[in-house]
Every structure is written in C-alpha cells, then in structure tokens.
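Look for chain A in each of the two complexes below; its partner is chain B in the first and chain C in the second.
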Partner chain A sequence: MQFTIPMLHSAITIMTPLLLASMGGLFTELSGMLNIALEGLLLMGAFCSIIFSYYTASMILGTLLGIVCTMILSAILASVTLNLKANVFITGLAVNLFASGMTVVLSFALFANKGVVVFDNIPPLPLLGTPELAKIPILGDIFIGHSAFVYLSWLLLALCYFVLYRTPFGFRIRATGLHPEALSSLGMRPNRYRFASFLISGFTCGLGGALLTLNLGAFVPNITAGKGWIALVVIFLGNKKPIGLLIAAFIFGLADAFSNYAQGALNIPSDFILAIPYIFTLLAMIGSSIYANKKGAIES
Partner chain B sequence: MELAVEMRNITKTYPENNLRANDGIDFSLRKGEILCLAGENGAGKTTLMKVLYGLESHEKGTIRIRGNQENISSPLVANRLGIGMVHQHFMLVEDFTVAQNVVMGIEPRKYGIAYDLKKAVSLVNEAIAHHHFSIEADMLVRNLTVGQKQQVEIIKMLYRDVDILILDEPTTVLTELEIEALFSSLKQLAKRGKSLILITHKLKEIIAISDRVVVMRQGKMLGTYETKDVNEQQISALMMGKSISLSIKHAKRTDESQPVIECKKITVLRQGQERPLLKDLNFTAYSGEILGFAGVSGNGLGVLEAVLGGFIPVFDGKILHDGNDITNIGTAQLRRQGLAYVPSDRLQIGSSLKASVQENIIVGESRSFRKNGFIDQRQVTKHTNDLLEKYSTKGTAQMPIGTMSGGNIQKVILAREIERYQDYIVFSEPTWGLDIASSQFVYEQMASLRDKGAAVILISSNLDEILTISDRIIVLYRGTRVASFVGDEARNLSKEEIGEYMLGIRKQGASHV
Partner chain C sequence: MSEKRNPTSKNAFPTLKESIGSLLIVLIALSGVIILSFLLSKTPSKTLRYFFLGPLQNAYYFGNMLNGAIPLIFGGLGISLAMRSGNFNLGGEGQIYSGALATTLFALYLAPLGVVGAILALFIGAFVAGGLAGLSGYLRMKWDTSELITSFLISNAVVLVVNYLIAGPFMDPSTSLIATRKIPESFRLPVLLPPSSLSTALFFALVAVIIVHIYLYKTKSGYQLRMTGLNSRFAKYGGINTRKFIVLPMFLSGFLYGLGGGFAIYGTYFSSIKEFSAGMGWNGLAVALIAKNKPSMVIPAALFFSYIEAGARSAMLHSDVTFEIAAIVQSIVFFLISSEVLFTLFEKKRRYS
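Our next item is the complex of A and B:
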C-alpha cells in the first residue's frame, strides 16, 4: 500500500490532541474524578487559541492565552465540583454544553458567522526537522516534519511520567484517588490535589485544542468532534499509565488517518468510513473490559 | 509524675441525636505509661480520643499537653504536638510500598522537587530497625498481613516523632501471636518514654499490658485504677453496670420443639487474615424458643449475622433449614426460603432511606400487590396503614422512611419482617439506639413470635437484652462458642458471670457444649 507512510505520518498529527487531552485526564482520573469535561475543555482551547492568535497576530501568544482561558474554565469546574460538592458528571456535562454553545455564540458575535470561520492572517504551522533527518528511511518520513505541538506533547508525556512517579506531588495525586482518608488522616487535603489535577487537565486540553484549530487555520463549530470523549477511552485503554496513553492514542490516530485515506481509495460509503474511528472506540472499549474481567477473575 | 495529657471536664454532645457521648470527663495520661481506656460499645471511648486527636470538637473542657493548654483543632495540630492515632480501619494506600505510606506528606526530596524514593526506603528501614519491627520498607502494603499493616500504621506515627500514641482497638483483627508481638513492641515504646493509650474492651489485654486503666460507661467516667490493684472481674463489673429490669416470660423447650435452623461446624475465613472469623460453630435453633447469641463486638456476632443473612459465604460446614441444605445459597434464595431478618444496620441494610414507608414495606413482596401487571398503589397504602396502626408507629405511608425517628424505622422493618416470617426470624441488635419503651415493644413482639412457635435467633452485644429475653444463650468469643446456658441456668446467670465468658476469662468444658 503506497499510502502507508503518509498515513502513519498523519496519524501522528491526529493523535496529538488525543494524547494531550488524555494526559490531563489521567491526572484527574488518578485523583479519583472521572473528568468528562475533556471534550468541552478541548473545544474551549481550540476556539480561544485561534481567536487570540488572530487578534495578537502571534500563534505563540494566542496559544498561551488559549491555555489560560481553558484553565480558567477548568478551575471553575473544579471549584464547583469540589467546594460546592456538585456531582462531577453534571458539572462536566455543563462545561461541555457551555463550550459548544459559547464558542458558536462568540464566533457569531465577533465574526458574524455561525459556521466555519477562516482566519487568513494565520500562517500554516511551521513544520520542524532538518532535511538530513528527513532522509532517514521510513523513520524520517514518519517522525520528522511535524509541528512543535507534536514534539512538545512527547516532552510533556515524559514530564507527566516524572511528575506522577517521581515527585511527592504525583504520589499524593495517586493516593488521593486510591485512599483519600490516608491523606486526610495525615492532615493533607485531598481536594487540593484534585483541584490541581483539574488545572492540569485545563492546561493540556488548551494545548491540544490549539493544535486542532491552528493546524487548520480555521475554526469549525464542534471541531473536536468527540476527541475529548475518545481521550477518556484512551485513558482506560492505556491502563491509566503514561506509556499506555501513547500507544492507545496512536492506535486511535491510525484509525482516524486510515478513514481519511480510505475515503479516496476504497469503494466504501464515506459515511461509514468516517464512522470508523468511533466504531473502533466501541470495539476497543468492549475488548478491554472483557480483558479486564478475565484478568480480575484470575486475580480473585 | 509528669503528665503527658491532661483533659478536664470534657463534654461532647452529638447534635444529630442529642447524645451526650462525653459528659464531664477528666482524663490524664502519664509520661511513659500504657493506659487502657475501657468500656462497652458506645461508652464514649473513641469520641474522647477523637477530641484529643482533633477529629471532633468539644463544647466544654480544657486539654493540656505536657502542661500547656492547647486548642487541638485538627489532626495536623495534634501531630505537631506529638500526638498520633492509629485508627481501627487502616489508612494505608495498598498500591504503595511501606516506605511510601510512611513518609507521605513529609517525603524526602532531591533537586528540590523530585521524590527521593531510595532515601525514603533507607529512612523508613532505619525507623523499623530502631523499633524492632518485622517489616521491610520496600514491601508493597497490599502483600502484607493485617498485623504487618498495623505495624506500618504505628511506624507512620513514630516516623513523625509522635510521643503520645493512641491505638483504637488495635487487637480486633490480630491473631494471638500478632497480639503478643504488638504488645512487646508497645512495651518497648513505653520504655523509651512514649506514652500510649489503648482503646479496648478486652479485659485480658488490659491486665496484660496496661499500667493504669480508665473505665467509661455511657459517656461518663467511672474511675481510673492502677491495673495491679484491680482484677478482671472488678473491671468487668464496672464496664457492664447495673441491669434494667424488663419482664418477659421465658419458655421451656418442649417435646414439640422442632429444630428449624441447624448450623454444623461453620467456619468463616477472611482473605489475608489468618484467624478465622468464625470457627467450627455448632448450634441448633428450635421452634418456640429465643436463642440468644452474646459476645463483645469483634468476636463473631456480626459475622454470624452476615452468614445467616447470606452476605458472606461460609468456608466450611453446613447450614440446614428444616433439614434442607441452605449453605451459601445467597440472600435472595434465603429470602425465598423463608428468611425473616431484622438487621443491626437498619439504615443501610434494613431500609432504603429515600424510599417511602410503603415502598420499604413491600420491597421483595411486590408480587403479591400486583394487579394487571402493575403495582396496586391503593392496596399497598392500605396494607401499610394497617401495619403502621398494628405496630403503633407514628408516620404516614407516603413519607420517606429516612425522615422517621430511629425507633419508628425499626418498627417498620419489624412489621415487614414479622409479616413475612414463616418459621424462623433473625434479630441482630434489635434495640440498638432505641429508648426503653420501643425496646420493650420489640421484646414483646419477639416473645409473641416465640409463643406462636417461631425459632427466634437473637444476636446482641447488649447483655441486659440477652439475659432478659433469651430462653437459651450461646456466648461467642474470638469466633468460637465458649459457653451455652439453657433454662434455669440461663435465667439465673449473672451479668458478671456471662461477662467473664464474653471477655474470655472463663470457658466451659467441651462436655457442656
């Protein structure tokens, strides 16, 4: 298949927002909160990053401001959930609905357009890599020539591992999810660690969202198209481990990239092809829960 | 002698039920001594210690630590003052190592932010060696035995330079050998100048380990004694107190009595715990008889309840109902075969607090209220109102049961279970938290069931109750049957005497069983 290499290359770009969102989600998950707001946070990051990039005429500044907005939203989510003791599922749902409505409202208010908004002052994302590196057979074709977001996400993944497994902060986050009373009986406050995890979710979702819109140079309503939800699946499929996230996110990126290429190449109705990543999600979830059940049965 | 802790006139009332858990308690702990805080369940021991550890606030009274008056508002303050508490339920993260659990909150660091895992292991190993414990810092807590987990909890406190250590019922889950090991460690600690408080109701342990013993009953302090000046019988008498007299007629087993429930050598094990929760327990409940099970909590009463209710399986042995094997068939099946059961936990197991009274009444029995496939609400309401009247319960059929008082909730459960009973009924702590009038009502119902020919099984840690209404009494101690009394023997039993069996001071010979 002649499109294998370009497909792998594009799978890496596609997986990056998933990887970023699932990293933030990993923190909330480990601290004992199911963060279903990843979708809304990702969308917020996508929208805010591109409009700030447009107004400041700087993609870096725009991305940073986008991240700040997303973190503010996640801080609101965290304080309503933790301080006012609202159900995290309901507050997460509220964030998702808020983000999908608010982005369209703002887009109409600012650009008088409820549909796709194209920003012509935003250049395509610069792709990194030297011609020498790109010459490495196969690997060069796949791993070189991505935007800075992609390489940054790999660095963050390493950082994520370090924080969770090599710092007191990470141990306390995990203890919060595993046995919060163990922390509180020693005078620490589990909710502080949950709050921090929500902020981290906001940060990574802001970054992941920025990649979605800046890569396209345009904002499309509901551009995340369920990526936040898939990121949740990635967390469980990746067995709540940083390296697992990388593998799971790559598999989903591949499924998505395949559906993009298959549309032109294979004689299958395009609606069905577009549904491939979602069908794959379902199958992966069923498969992993069967596996987990079997494993649990053996252990007990 | 120097005092480590001095509590004066401590008063604590729980606003939810207006219960005075601590009523003007004066308490002192000397430096370097082991002090036992003794009393029955609900005597207020744990409450007093929670006040000292900053987990509960108190309305009145002062606390002095090493002579200085302190306001202990949280466990953090308590830790800073050198007070540590080992809780009855372990506060450990199972997936972390011993070291990671011990240093949590005060982790050794390197380069400012990184967790120095190696140093944590070596520091904790030092602490373990210093206090002669038998665990290793890099073991995963999940793989430890219960006794070892307790060592982790103690090390966790010692690592924080605690010199006043409170242990809440530390021996409940331990084997004899583990208890010995724990006691020798505790004595070592006292020798090094740590002051220890043990909350317990086990007399043997009080005698074995303490320098002084403080006895509490019903929120009041009865006195502080030098352990060498008192014996087990005296402490037992203080703990149990005087009995309230309730008059219930007793019944004798006749030739017509039939065995209804037979338990043959049932043994219950818990994973990761060496000591069985119940061991080779034999008994038969006959029709027309109230069979009472007595024991101090932690000695198998709760386990027996769970076995009879079908919540936990027995590891070995057989249970027969009218001669049919009902071993390990599960709660649903037991109910279908005629289990009527008034659980000790009436709020979680006995009722659904948010559901209405009538929903609670027909739960499990909705089949008999069906009309054309739907539940006939009018019939349900009528049935419920009839029962409310019959059992003189205040309330309406539609109100959520959680808004009723504890006594009335118990009456609703009682009504439901008595209605469905066929030939046997299990009561566990049926009057727990009820006032005298409600208790009397419950006893009358039990007696009338018995007179109708029911096999009534009563599981209760309340001695007055056991002695007042049981026709036959079995005493459990550490999961085994240590004594049984029938007829006149049961009637003439004194509290002190049965108390000695409950606390393991005395044991009947095998011939008696």
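Our next item is the complex of A and C:
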C-alpha cells in the first residue's frame, strides 16, 4: 500500500480546519449553546483572511485581520443571542446565510467575479520541518512538512485542554453549561462566559478558515462545503473532550483523504464522493446516539 | 443539547404584538438593503429603484413574483407543522428537490394514464420527500438522534444524489440544459397571467393553506400535535401518544415540501433542471419563522420573500449588485426573528401588585 503514507499526510492537513473549528465549538457547546454557526464563521474566516492577505501582502497580517473579522461576526451572533434573547439555532442559521451571501456579494463588488477568485500575489504556505526530521522513517513522512497552521492547532489543542480543566475560567465555562444557576448564585454571570466562548469559536474558526483559502491561494464560493457541520459532529463524536476531538477529526480527515484517492483510483461519480462526508456524519450521529441511549438505559 | 424550541402563542391568528414585531423586523431587513446599496453600488438610487419597484413594474415581473411564492407557501406550511410539534426540519432543500425529481420521472412514466397519472406522480413525489423527513423523525423517536442535524445531513446527501441522477442516468441529451426530459403537455398547469409563468398552482397552494389551517386548529390530531409541541411531557400525561407526533409532523413537513417541488414542475419548470430548487428549502424555513408558524400568515410571509428575491433579481439585471444580496436580507430576518426582546418591546408593562 504505497499510497497510505501520502494519504495519512494529507489527512492531517484536511483535519486541521475541522479540529480548529471544533475546538471553538467545544467551548460554546460546554457553555450550553448549540453553535451551528461554525460553518458560517469558517467561511467568513476563509474569505476575510485571503482578502486581507491580498491587500496587505502579508499572510500573517491577513490571517490576523481575518480572525478579527470572524470574531466580530461571532460577537454579533453572541450579543443578539444573549442580549436580545434569540434562539441560538436560528441566529446560527443567520450567520451561515449571512456568510454565504456576504462573501459572494463582496467578491463581486471587489473583483467583479462571483466564482473562483485566484490571488497571484499569495505564495504557497511555507512547510515546516528540517530534512533531518523528515528522514525519520514513516513518522517523518506523516508528521513533518506541514504548514504552521497544523502545528499551531496542536498547540492550541493542548492549551484548550489546559484552560478547560486547569483554570477557573474553564471550570466556569463548563459550569455554565451544566448548571448556570449555580454560577449566578455565586455572583457570576453565565452569559459572560457564553459570550467569551462565542469569541473563542470566532477565533478558532477564523484561523481554520484562513488555512482553507491560504492553502489554495484562491477563494472558492462555499469553500467550507459543510466543514462547520462536520466540526459540530466531531464535538459530539469526540465526546466533548479535547483528545476526543483530535481522534474524531482525524477519522474525518482520513475519510476525506481516502475519498480524494478513491475519486482518482476508482470510477465513482464525483457527486457520490462529495456525499460521503454527509453520509459518514449521519451514520456517526446515529451510532453515537444509539450508544448514548444504551448507556442511559443502563444508568437509569 | 438543551436548546429552547421555537416559542409560539397558541392563537390561530397573530396577535398585535406578533404583527408589530414581525413588521419591525421586515423594516430593519429592508433598511439593510438600502444601506448595502449605498455601500456597494455605484448607482445606489438606480439599484434601489429596481430593487423595490422592479417586481411591480409589469405583469411579467409581478406574475413571476407571485409564482415564486408558491413553493415558499408549501415549504412554509411544512416547516410550520414541524415546528408546531416541537421538531425542526432542516432538510427542505433535499426534500423539495427529490420530490420534484420523483414527480418528474413518474409523470414521464405514467403519461398514458392522463389526469390520474398526474395526481399519482405528484403524490409519489410528495411521499418520497415525506419519507426522507419522516426518517429523521423516526431516528429521533427511536434513539433520540437530533432530527435537526439528521434532516440537514440527509438533505445534503440527497441533493448530491439527485444532481447525479439528473446529470447522469435521466439526463435528456437533446437539450443544452442539464435536465431530465420534459413532462407531457397534458400534465402542465394552465398559465394564469401571460407572459409571466404564474400558473394555477397558486390555487393549489391556497387550498393547502386552508387544509393545514383546518388540520391544526379544527381536528383532534392537530390539537394533539400542537399540545405535544407546547409541552411534550404534559401532553404525554394527558394521554397523547407523543412518539407519534415526532414522526408524523416530520413526514407531513417533507410531504408538503414534496408537493411544492411537484407543483413547481407541473406549473413552471416542466422538467427537473439541475439545482433549479436551490434556496427554496431555506426560504420555506424563513417564511415559517416570519409567519410565527401560523398557516394564515404563511401567505404574506411567502410574498415578502418572493418580493425580496424578485427585487434582487431585477436589481442584478439592471444594476451592478448581485442576486446574493437577497441572502443578506434573509439573514437579517433570521437574526432578529426569534428575539424575545424585540417582540416584547411594545408590550405594556404589567404591574404585579
């Protein structure tokens, strides 16, 4: 199986936006909010980072500004949901609709183009790793030579674990989801922690989105193609634990990488290949709810 | 997942509070169009004139606007039924598309049967769409799988499969469109307002509104459905089979979407064209939200959305903005429509003394 190693290598690149988006989603989920806006936030991050990278001619600055835009959108989402007391599900849909409409409207206004916009001045993302490290058999081939986003996502995952399980802030985020009344009885405001968790999901989605477009050097309408929804499923499949996210995101990355290879190798219609993530996600959802159901039946 | 299900009052017709709230949101959304036009367009006044007056300027545009409301009425009714029972149906896109394809294929196959064949094909399409939505309801009933996510995922996969079927095995090679063969002339509904494509499907949509209204407010099953949605536990203690009212409303919801797809074929498109229904499913959801899940309000809400779409299309043709501006207006509506605060702004403060 000579294609396994390149496949594992590309699985890691593919899983990174999922891992980043699901990390932010984990914060909102633990604070008791179903954040379906991950999709729209990723798309906003993807669009804004490449636009700003193009205008500032710096990928770092572009990514940072892209993250800022995504956080502004998530702050709007949070304040409408929390202060105007709206249904988080419907405001989340609003973010998704807004992002898919706004990216096309802006791309038409700026470049008179509603389709794929290719940016010539954006160089390919630098790949990290030294030749010595890359020589390590198998592991070197799989783990070395990714962009900075990949390694950053691992660092952030460790940070995410530390914040959630080792800091008062993390305890309060989790308490907000489990028992908001307990938090308010101690004089703290649960909505503040919810707001913070929305901002965190804006940050990670901005970063994840930046990887999608900068990796390609182009913006494709609806480039996220359901990745935000899959990130939501990654959270459920990962049992709402940081390490679980890593495993679940890797499984999806692998499935995606495999379907890319299958498209080339086997003669399967491309529509069916595109449908695989959704069907896979659906089966995973059903499986995990059957499991939760059985577990619930035993405990009660 | 402990999200709050959509709160709706139990009245059949909207209260003053709800009407003012909805009107306010419509106004905010429309002012969004004005702001965007000034920001993005080089000729904002021209853009705005075509946006707001374009859909009304002649019989062609006006008829097409009314015609665009038909699938939205069906979708809005379907979503209202699901939401009233406390279920979310996010699969409208796939349901309307697959219903339309099934109706088209069976209409071609059943052409010799005449009117009977047309009715049969329409209901087969509706059953296919209803089955897809019902499957999500079944999964929720059986294992408590979130119907909101499964209906979305099933729909996304179904859209791709329908795309494949239209572009692959059922494609009509004689046209340049990616589409199936056209249904027989005898199956097509008469045009009401030539040269627009407004057809008599409009009457069927209005009949559907009346039927859904009667079902929800005048039948035992409709009462049980609403009670299950208001308080499932209470309904269960009252002896209502609440499990039934997870699957049935989801099925009916998809069924109505399927009818919407079928009538779009019989009245407007005559063949399943690739991605012809894209966006109709989401608009149906938006219609139900702004109508506060009341069948009587689905008609004005659907007209509002088809007006926005027609306006955006006219502005795109005659000016320098794109059609997607309509999606931004919708998103503003979505942002605000479920806000409790906006709907209580005009409520008199009650004194509890």
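Miscellaneous remarks
Keep this in mind: the second predicted complex is superposed on the first by the 300 of 300 C-alpha atoms of A that agree within 3 Å, B and C clash if a C-alpha of one lies under 4 Å from a C-alpha of the other, contacts with A are read in each partner's own complex, and residues count from 1 in each chain.
We take it that contacts are C-beta pairs under 8 Å (C-beta built on N, C-alpha and C of every residue); 3 or more make two chains touch, one makes a residue touch a chain.
All of these numbers come straight from a predicted model, not from anything done at the bench.
When the two structures are aligned on the shared chain, A:Val88 is found in touch with chain C, with no touch to chain B. Of the two partner chains, chain C is the only one that A:Val104 touches; chain B does not reach it.
By the touch criterion stated above, A:Asp120 is placed in contact with neither chain B nor chain C. With both structures placed on the common chain, the touch criterion links A:Asp271 to chain C but leaves chain B unconnected. Shared-chain residue A:Glu132: touches no atom of chain B or chain C.
Within the superposed three-chain model, A:Pro168 lies in touch with chain B and out of touch with chain C [touch as defined at top].
A count of residues in chain A touched by chain B and by chain C gives the higher number to C. Applying the stated contact rule after C-alpha superposition, one finds that A:Trp229 touches chain C and leaves chain B untouched. In the superposition on the C-alpha atoms of chain A, no part of chain A is touched by chain B in one complex and by chain C in the other. Contacts from chain C toward chain A in the complex involve residues 1-4, 6, 36, 40, 88, 139, 143-146, 148-150, 152-154, 156-157, 160-161, 163-164, 167-168, 282, 285, 289, 321-322, 324-328, 330-342. Listed in rising order, the residues of chain B touching chain A in the complex are 74-76, 79, 85, 87, 91-96, 100-101, 104-105, 107, 109, 113-115, 117, 156.
In the complex of the two chains, the chain A residues touching chain C come out as 32, 34, 76, 80, 83-91, 93-95, 97-98, 100-102, 104-105, 108-109, 114, 226, 229, 232-233, 269, 271-272, 274-275, 278-279, 281-282, 285-286, 289-290, 292-293. Partner chain B is touched in their complex by these residues of chain A: 162, 166-172, 174-175, 178-179, 181-188.
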